[in-house]
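The two complexes that follow have subunit A in common; it is paired with subunit B in the first and with subunit C in the second.
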Partner chain A sequence: MADVEFKGVRKAFGDHIVIPGLDLTVQDAELLVLLGPSGCGKSTLLRLLAGLEQPTDGEIRIHGRPVDGLGPRARNIAMVFQNYALYPHLTVRGNLEFPLRMRGMPRAGRERGMLEAARALGLEPLLEKRPAELSGGQRQRVAMGRAIVREPDVFLMDEPLSNLDARLRVQIRAEIGALQRRLAVTTLYVTHDQVEAMTLGDRVAVMRDGVIQQLGRPAELYDRPANLFVAGFLGNPPMNLLEPTFERRDGERMVRLGGTWARPSAGIPERVRYVGIRPEAFSISASGNSGGARQDRLEIQGLVDSVEVLGHERIVYLRVPEPVVELSDGPGPWRSAEGLLAARLTGSPVRKHGESVTLTAPAAGMHWFDEDGNAIPTDVR
Partner chain B sequence: MIRRSRFTEAPAAWLLMAPGLVGLMLFLLLPFALAVVLSFTNLRMASPLPLEFVGLANYTLAFQETALPRALLNNLLFALVVVPAQTALGLALAVLLDRPLRGRTVFRTLFFLPVVFPLSLIAVVWVLIFAPGPDGLLNAALGVLSLGLWEPRDFLNDPSWALPAVMLTSIWQGVGFQMIVLLAGLQAIPRQLYEAAAIDGAGRWRQFLHVTLPGLRNPLIFVVIVTTILSFRVFDQVRIMTRGGPQDASNTVIHEMVRTAFDQGHVAMGAAMSVVFFVVILGIALAQRRLLRQRGEVS
Partner chain C sequence: MSRTSALLRVVLAYTLLLACTLVFIAPVLFMIIGSLKPDALVLAEAGSLRAFLPDTFSLDNYRAVFERVPFGAYLLSSLIVNGLIVGLGLLVNAFAGYALARLRWWGRGAMLGLVLAVLVIPFEAIAIPLFYQLSWLGWRDDWLVQAIPFVANPLAIFLFYSFFLGLPRELEEAARVDGAGVLSTFFLIVLPNAKAAFASVAIVLFLFHWGMYLWPLLMTTSEGVRPLPLGIANFYTLPPLQWGDIMAFGVLMVLPVLILFVVFQRWFVRGVASTGVKG
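The block that comes next holds the complex of A and B.
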């Protein structure tokens, strides 16, 4: 069942168009993550659903009911704010009770609901404390508690973890996921953090300039990015991008990629402008056995520039003789003079700066993109 | 360690405090001590009589033969009306001018202007507004508004209107101060709190009750204390507008004190009044402190 629907929703502040026209359906009990860089309109979308902003155009439905013109009060949604927005003069108890009080629930029911929420989040020992006396993680839990206390139709979470330190973030992230699954409440979760999006989301919508770039399950987005933006936004270090050049050599159609020639007889179509390779698709070997012109795999030779040791893996940066393409938040991909490729390696010997090595990636590990940055399905090959 | 550093810091601390302490001693403690001593004497300006110790005579006389009781009552009335009225009005103005209103900077400036004007100047202007007869500004305006039903009166010489007239002037003059302090307080309340309250189901009025008012707690306390103190110190308006009249209807303690000590030259009696007044003010200050402490501080 569709629980939340955006139909042709447009939002402009004066002349500034934040969302040019958006359709999105969130399924019942689903946790949908809105992921994108700051200013991409993801928070605006949340605020539109909350009723804190009204759309310039289009329709929003909750449970099939159009909510246009309804204030936040009439929508039965709950929201967790980035800075938690706890009422500073109220105790934890007061904060948890507040939504019930505002809905005119009698005292006994309030007490029961408040205790239930407090128990679910382990807040019972803190009930008489004020927000100022709580740690960041505790405040976050109170904000969650205030959201679940009145059993809303939809949860909205606006970067709820961004004010926590890294360790706590991982812990509370897991708690949020578990809580959402247990309560099975439709949830929209806004973040700019790809790890949060990948770990929490049933589905993830990647946004840019108010437009959904791709909507799908996290693995789908990672394995089959719809365009360069999605490809570059997910993954750390980001996907390596190379520009192939096509040429006829000795009567055979050849492609030059990352400084090596390949024979793409059944390989890369000529409309491919960018070839993307995830850092983990590479494997590494000492240079020498140069057989660049293989169909089933790509081999690139270069010099080790630097190595980041992360414990369970190493990121090797390789300097190649050709410029590579870098993605930016700007309008399009940029050519980088650096010519650095990133490879994520596990279990291979440590490489030293300046060492000459060969990176190898299987053909299946390549992503193709056309002139406009849109993905070309690799199953046409 | 701590002890030693404290020990070495002490002389510097005393040195830094010295100018302030000397000022306090010279202009506050010493005069007050003198006032206490003088209040037990018969000192009069330009009196040929020798200085004598008269015991509590000045105190009993002050309550029996001067306007002190009436002045105390007037001060109390003044505070009871002006403090809540001015605070409520200041809060209303602050809330109004906190919204994205066209020309709100102009309005803020206009409402704050009286605060920076000298009180004596404002009093003179309001004397003109309260001018008697049908041509007096306020009388004329009320006449027009009531379609001629209003009977012109001499506000400042009418025993039942003199004190309210002074109150009105004071409220008008001081409301801008409250407004500015409360505006600053309003702007310190995070917008998300209002949004959270709206989502939690609070309408505008409940948002005001549960977000705005608690958020303004400290500025409100500040404003109420300052206004209470100021309303017991009322002097300028009374001196210029009514001279305490008619029949002491608008007399205040400070005004009566000045009149007794300097207009009539009865310094000892004035001193006795100032001691009485000090005790009253101290009582109010302690009561307020206690009241606020009970409710606890909000960080």
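The block that comes next holds the complex of A and C.
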């Protein structure tokens, strides 16, 4: 069942268009993550749904009911803010009770609701403390408690973990996921952190300049990015992007990738403008064995530039003689950068700086993109 | 060597500070000590150090204050008028400051400019037109007419405005999402977090108007509604001229201000610091 619908929603602040026109449907009890770089309009979308901003154009529906013109209080939504926005002059008890007080709930009901939320989040020992006396994680929980206490139709979370340290972030992330599944409340979750998006989201909408680039399940987005932006935004290190050069030599079609000639052309059609390879698709071997590409795999030669040891795996950066493509923050979606490829490797011997090596990737590990950066389905192979 | 010079520097600095302090505190001390001296000695000793080192103390001057003029009535008038100015002023100016800082309405920028422009107009410049205006309305000689024209105060509006600008907006947005309207957001969330601004505005309003002289002089004729500054002026026209009595009256008049400041000093300092306005 559709629970939240955006239909042709447009938002401009004066001449500045933040969302040029957006359609999005969030299913009942779904956790949908809005993911994108800062300024991509994801928080604006949340604020539009909360009623803190009104759309310039278009319609928003909650439970099928249009909410245009309605203020936040008429929408029965709850929001967790990035900096928690706890009321500093109220105790934890006061903070949790506030939404119930605003609903005019009698004292006994308030007390019961407040205690229920406090119990669900382990806040009972903190009830008489003020926000200033709490740690970051505790504040975050109080903010969650204030959101769940009045059983809203929709949860909105605006980067709720960004003020926590890394360890706590992992822990609270799991708690938020568990809580959302238990309460089964439709949730819109805004973040710029791809790990949060991938781990929490039932579906993820990747946004850029107010436009949804791709909407789908996390694995779908990672395995089949719809365009260069999504390909480059998800994954760390991001997908390696190369510009192939095609040439005919002795009647045979050849392709050059990252400075290595391949023959035949590794099955790459000529309309492919960018070839993407995830760092983990590569395996590594000492140079000189073979070279180039075969129909079922691709080989690129280069020199080891640096190695990052991450414990169970290492990231090897390989310098190739041609520039590679990198996403840009500017108007164009991509730009050329120095010729560094990243390979995520496990179990292979440590490589040294300057060592000549060959990276090998299976043809199935390639992603193809056309001139506009849109993905070309690989089943045309 | 360096220790001696450091010590010397400290001694010099403190001597200078002490001298400055004495210059500023001398008139106050003169008033307090003068109020405790027999009237004849106040002026007689004024030129010598004895002005600050009396050998006899008496409370006769204080008794005289209560016997010669209706001090209680003046004090009551002052308290009522200032209570009205501060009480209503806090509400009105806080509303105005909040509307300018947070609400979106047509003409907000122009209104803010107007408030700032009005800041530089001295009251004396509009006292006479205002006097005519209110006299034409037939409104004179009561407590309200001394208070109402001063309830809305551009400085107070500006203090509130800049304080509210500094409050995190998310607090109010959270309150709105939690179901609060504009008024309940203001009273339940903004106001409790703006105590410092309220305290400093209260003190500013009180200090500005406690010593107000011209306006009550223009607007009042009955002793029953006249405030303390008109009371002290009464002494100058009440023979014989008793300087000791005037000193005692002065002390009694300053006392409420001092008490208020000492009680709210913590808030006042914080308020001034957070609004970025220097006194």
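Keep this in mind: the second predicted complex is superposed on the first by the 371 of 381 C-alpha atoms of A that agree within 3 Å, B and C clash if a C-alpha of one lies under 4 Å from a C-alpha of the other, contacts with A are read in each partner's own complex, and residues count from 1 in each chain.
Everything that follows uses one rule, which is that a residue touches a chain if its C-beta (ideal position, glycine included) is under 8 Å from a C-beta of that chain, and two chains touch if they have at least 3 such contacts.
This one's a predicted model, so the numbers in the text were calculated from it and none came from an experiment.
Trainee: State whether subunit B and subunit C clash or fit side by side on subunit A once the two structures are superposed.
Mentor: clash
Trainee: In the overlay, answer first, second, both or neither for which of subunit B and subunit C A:132 touches.
Mentor: After superposition on chain A, A:132 lies in contact with subunit B alone.
Trainee: Going by the contact rule set out at the top, does A:71 touch subunit B (first), subunit C (second), both, or neither?
Mentor: After superposing on A, A:71 lies in contact with both subunit B and subunit C.
Trainee: So in the superposed three-chain picture, is A:103 touching just subunit B, just subunit C, both, or none of them (first/second/both/neither)?
Mentor: A:103 sits against subunit B and subunit C alike.
Trainee: Check whether A:79 is in contact with subunit B, with subunit C, with both or with neither, and answer first, second, both or neither.
Mentor: both
Trainee: Kindly classify A:341 by the partners it touches after superposition: subunit B alone (first), subunit C alone (second), both, or neither?
Mentor: A:341: touches no partner chain.
Trainee: Under the contact rule defined above, give the subunit A residues that sit at the interface with subunit B and also at the interface with subunit C.
Mentor: 50-52, 71-73, 77-79, 81, 83, 85, 87-89, 98-99, 102-103, 146
Trainee: If we count contacts the way the header does, which residues on subunit A are in touch with subunit C in the complex?
Mentor: Against subunit C, subunit A makes touches at 50-52, 71-73, 77-79, 81-83, 85-89, 98-99, 102-103, 146, 150, 156.
Trainee: Any idea which subunit C residues touch subunit A in the complex?
Mentor: Per the touch definition, subunit C meets subunit A at residues 168, 170-171, 173-181, 184, 188-189, 192-193.
Trainee: Can you tell me which positions in subunit B touch subunit A when the two form their complex?
Mentor: 190, 192-193, 195-203, 206, 210-211, 214-215, 217, 298-299
Trainee: Please give the residue numbers of subunit A that touch subunit B in the complex, ascending.
Mentor: Contact set of subunit A toward subunit B: 50-52, 71-73, 77-79, 81, 83, 85, 87-90, 98-99, 102-103, 130, 132, 146.
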